[in-house]
Amino acid sequence: MKSYRKELWFNIPSRRAFVNITPQVEEALRESGVAEGLVLINAMHITASVFINDDESGLHRDYEAWLEKLAPHAPVSQYKHNVGEDNADAHMKRQIMGREVVVAVTDGKLDFGTWEQIFYGEFDGRRKKRVLIKIIGD
Amino acid sequence: MKSYRKELWFNIPSRRAFVNITPQVEEALRESGVAEGLVLINAMHITASVFINDDESGLHRDYEAWLEKLAPHAPVSQYKHNVGEDNADAHMKRQIMGREVVVAVTDGKLDFGTWEQIFYGEFDGRRKKRVLIKIIGD
Amino acid sequence: MKSYRKELWFNIPSRRAFVNITPQVEEALRESGVAEGLVLINAMHITASVFINDDESGLHRDYEAWLEKLAPHAPVSQYKHNVGEDNADAHMKRQIMGREVVVAVTDGKLDFGTWEQIFYGEFDGRRKKRVLIKIIGD
């Protein structure tokens, strides 16, 4: 069994953003030499997500508004976590969007449906954060 | 390491439905010959889910009402994604219910608790869509 | 390929609680002898979660209040599932927080960011329930 590990680093200038990381995951998969197996892609931070959905800017604005409605940032005083912090909402948004995805590898490629794309979801940016790619297989 | 791949196809006549796919996953596992490993089961579409919960019709009606409350379909004009589309809510419902599950394989069987069952969650049906089963192990 | 399986048992005296199970997962990983691979940790019950987030008591109280807002327990009569049951809300809370996590194993350790910790999330306690740890790799 082969295994391969790679980190992706981000420093998002805004508090929240969605970044398509599919090309970087495909590159890691080529580097791994794995033809059949699984790829795990996870945020290494607890105020960020990795998820799979559509690369469509209208949808991303809808997600932003929807997450803000389900887990509002302000007023920050509504959260007990926000003692010297202001990111409690980011810990909630991340739970809805998820920490990780696991993707099948078949014939050396991400085994995806037509519209599946992998995103890094940042909910508390303006600092360096990272994503882990771990590939296992043959 | 063995690996096995199979697609399940659906054409749900309604917009939304939950379908128990546990028997199909068990069949794929038998076909794979894997005794110890992991099974990934994921929607290959971004407006559908694969999740594990109870096969109880009352609960499924509760999920339907609850998801509609958290991410309402109408009015479709509330979503920026809905330009020539009307399925933005389906992209949200799928995030709450999840894209995929990973299940342990032990002694050639799905290593499940008593009530665990695998469901395909359709949020934008009335067309052909599919689920991927990928099994790795020995 | 090696594989290793272990169950963790809980009997939470309250309806809801979050329990840090990172030390138990690390112990299972040491027992497995796996240096490179993946660990799956999942609830074997459909009214409980396994998730990764911060071990901070203020945040946990925020999660409790937030989940109660998104999927209220009372009145229990609002849910069709609650015929001889009162735990429909627990099936919903579990979907938001998730059934499982998959964690990379690198050099024999959980390949974690600084603040990542694994939690068992109980939403319908006061009885014996369990979590499955399945480790595969070399």
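Order of writing sets the labels: A, B and C. Residues in every chain begin at 1.
Throughout what follows, contacts are C-beta pairs under 8 Å (C-beta built on N, C-alpha and C of every residue); 3 or more make two chains touch, one makes a residue touch a chain.
Since we're looking at a predicted model, the values are computed, not measured.
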item: Interface composition of copies chain A and chain B: same or different, split at half; value: different
item: Cα superposition of chain A on its sequence copy chain C - rotation in ° rounded to nearest 5; value: 120
item: Chain A and chain B, separation of their C-alpha mean positions in angstrom; value: 20
item: Residue list for chain C, restricted to those that touch at least two other chains; value: 1, 38, 70, 96, 98, 102, 136
item: Chain B residues touching chain A - in the complex, by the definition given at the top; value: 1, 3, 5, 38, 40, 42-46, 70-71, 79-83, 88, 91-92, 94-96, 98-100, 102, 130, 132, 134, 136
item: Chain B partner contacts - residues on chain A that touch it in the complex; value: 1, 36-38, 51-54, 56-59, 61-63, 66, 70, 96-98, 101-104, 106, 111-116, 136-138
